[in-house]
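In the two complexes below, chain A is the common chain; its partner is chain B in one and chain C in the other.
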Partner chain A sequence: MKKVLVACGNGIATSTVVAEKIREACKENGVDVSVTQCKLMEVESKAEGYDLMVTTGMFTGGKVNVPVVGAISLLTGFGEEETIEKILSYLK
Partner chain B sequence: MEIIYSVFNTLLGAGPIVLLPIIITIIGLIFRVKVIKAFRSGLIIAIGFAGIKLVISLLSDNLGPAAKAMVQNFGIKLDILDVGWGAIAAVTWSSPIIPLLIAGILLTNVIMLAFKLTDTLDVDIWNYHHMAIVGIMVYFVTGNVFIGLGAAVVMAIISFKLADWTAPAVEKYFGIPGISLPTMSALSSVIIAAPLNKLIDQIPVVNKIDFSAKDAQKYLGFFGEPIFMGLILGAGIGALAEYKLTDIFALGVNMAAVMILIPKMTSLFMEGLMPISEAAKKLTKEKFKGRKFLIGLDAAVVVGDSTVITTALIIIPLTILMAAIIPGNRVLPFADLAVIPFRVALVVALCKGNLFRSILIGLVCTSAILLAGTATSPVLTGLASSVGIDLSASGGISSFAATSLTVSYLVYTAFVSNLMISLPILAAVIIGVWIYIEKNYKGNKQDGGAEAIKEV
Partner chain C sequence: MSEMLAIDSKMIVKIDTKGKNKEDILSCLADNLQKGEYVKNTYKGGILKREAAYPTGLYTGGINVAVPHTDCVHVNKDAIAVGVLKEPVVFKAMDNPQKDIEVSIVIMIALKEAHGQVKMLQKILSLIKKQDQLKSILETDDTDRIYKIISNYLN
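Take a look at the complex of A and B:
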């Protein structure tokens, strides 16, 4: 099973939206995945052991050793499919 | 009619746990969500409310007596507990008038878009709670639904306009085009930051100061981690309360638990509201096809910026210090220290990343939040108690949201004062600022120079 960390400002609002969309897309594509949410300020200590980190906005605040995908399109609704494809490409 | 009235009253008396599934189902149906899905949303949100209630009593029962002991021992009068915005959002969504306020706010957005009075399309229903809470508190005080609705609508108008005006700064500094941030928790700081930033521009020498603090994250990083934040603050207050060593540690661990559990419970609200929010997005996007607009997003999308994080990490400990020394403040900063990045994000953008200015102005903003939080705590405490949250162990509650936010405080104050005098002043100020900004910053409207709003 692949592990995804979704980070946003407070670990509540936008990360829930993005996490739900990732779960849905993975289910549709038969990818076994576990999605965890957290705050952006915590990622440096939390990211280890995950296969992918997805941020809901811009992120310049720290270094992590996992691939990072920005997913603001999942909030605005423009370019949503491309971002989902990109996320899935890391998880297949 | 009488039957309807008595059914309504029975439901009101039953409290949010019963009311929430019904209210949310109604809101869901308005946005054409299927009945079962809407009801499921309501149920999840009611569960979130039950959870929030538990965590707030854990906070109030443990931290409340310790804060009181601290006041007795050292005279540091910080007895109003900051329970965090999540608890406030829970109170907001469980108000019986919330469907009316949500409809009013959404309609305000649609009308303003239709008449080209705003470019912001805001269907982020979740964040409507920042606007709605002002209406709910006004309704709680005045008992008049229409005055409450009026307050929420005015909050909405100000949110959309400030979002419009700050969008260029957001695009320029954070590099995200096509969006605006109608999140009052972030926008409110702008009415302090814009004039202050301009003032600093005029002061020789000071206007050149800037420094960087690239090691701040290394040394202050634990202020960004809720578990350590909770542990340290809890243990610190336990020590000031002159507890036994084991009790000091117990308070620390309990407060770390609160810090972790509040967001978990709040995320249930978000999960429940998501289907409704998505449906609203679809519905309004169809209505305004072809029109170019700014998509209103949660300010969470910009708080990942490194200068925002650094500024927040420095401001968090300074805010705790300010809380102890500002005369008149009684708010003990706690749960909302975790969302300081939201309060400073737009300050950083307006100051173009100048760390010196961001910290200085950010501190003024958090100090204003503490004072407004102290002033409106009795109303918020009364409102929370009325929906069954037990706060008897503490000296009242507050947060860094609701009417603690500068803009919300001013709108709230205007609507609970003598309306004949306060409303014309409020209207004049808003319209004045509106004309001033749109005239002076046409095409480059990045300074939300809402100086005058402060004077209400």
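Take a look at the complex of A and C:
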């Protein structure tokens, strides 16, 4: 099972929508995934052990040993498919 | 499981933006939510603080939208407040806090539970991609009509 951490400003609204999209895309592609949400400011302390981090806001914080994908496109629609492909490529 | 979010028509306003900045717009909408008792008096501070650190401007390529919100602890009851701006006001972009975005519609979200209202959030975010709906909202001065467009789309 792959683990994804989705972060946004408050960890409650845009990360919720993005987390759902990731779950759906993984389901459609037969990828077993567990998605957790958190706030951007918590990322450094929480990122350990995840396979991928996805953010809507800008992640500027320090060291994280996990690949990071910016997913604003999942909210605005521009480049949404490419972003989903990119996310899946880290999880397959 | 959170209850269905009912949209209160009093929370939908058209704002005359002359001389106003984004903080004024955010304060206006937060004040409305507080008057409607959807949020506590700490909500406005939470909104302003959050927007300054983690902006919510979304670039849609046409009519841009901001989706300000803050922590659940400030909220009494799930609600949204919508501000339709007569002239665009500068917000900062969610994915780049240095980037200016001219926003015409502000959808302020009040959530009582962290992962509640998934369907409503999905609908709000899909609404921002519908430029034709956003255009209809911007073009009318009639807040009843704006209310109908929004509640039809979100229900």
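In this section, the second predicted complex is superposed on the first by the 92 of 92 C-alpha atoms of A that agree within 3 Å, B and C clash if a C-alpha of one lies under 4 Å from a C-alpha of the other, contacts with A are read in each partner's own complex, and residues count from 1 in each chain.
Definition applied: a residue touches a chain if its C-beta (ideal position, glycine included) is under 8 Å from a C-beta of that chain, and two chains touch if they have at least 3 such contacts.
What you are looking at is a predicted structure, and each value in this text was computed from that prediction instead of being measured.
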Partner chain(s) touched by A:Pro67 [first = chain B, second = chain C, both, neither]: neither
Touching partner for A:Gly57 - first (chain B), second (chain C), both, neither: both
Contact breadth on chain A, by residue count: chain C or chain B: B
Touching partner for A:Glu44 - first (chain B), second (chain C), both, neither: first
Common interface positions of chain A, toward chain B and toward chain C: 8-14, 16-17, 20, 37, 40, 56-58, 72, 75-78
Touch list for chain A against partner chain B, complex: 7-17, 20, 37, 39-42, 44-45, 55-62, 72, 75-78
Of all residues in chain A, those that touch chain C in their complex: 8-14, 16-17, 20, 37, 40, 56-58, 70, 72, 75-78
In the complex with chain A, residue positions of chain C that touch it: 50, 53-56, 58-61, 67, 69-72, 94-97, 109, 111, 114-115, 117-118, 121-122, 125, 128-129
Interface residues, chain B side, partner chain A - complex: 86, 126-127, 174-176, 178-179, 217, 221, 224-226, 263, 266-267, 270-271, 274, 277, 281, 285, 295, 297-306, 308-309, 312-313, 338-339, 341-342
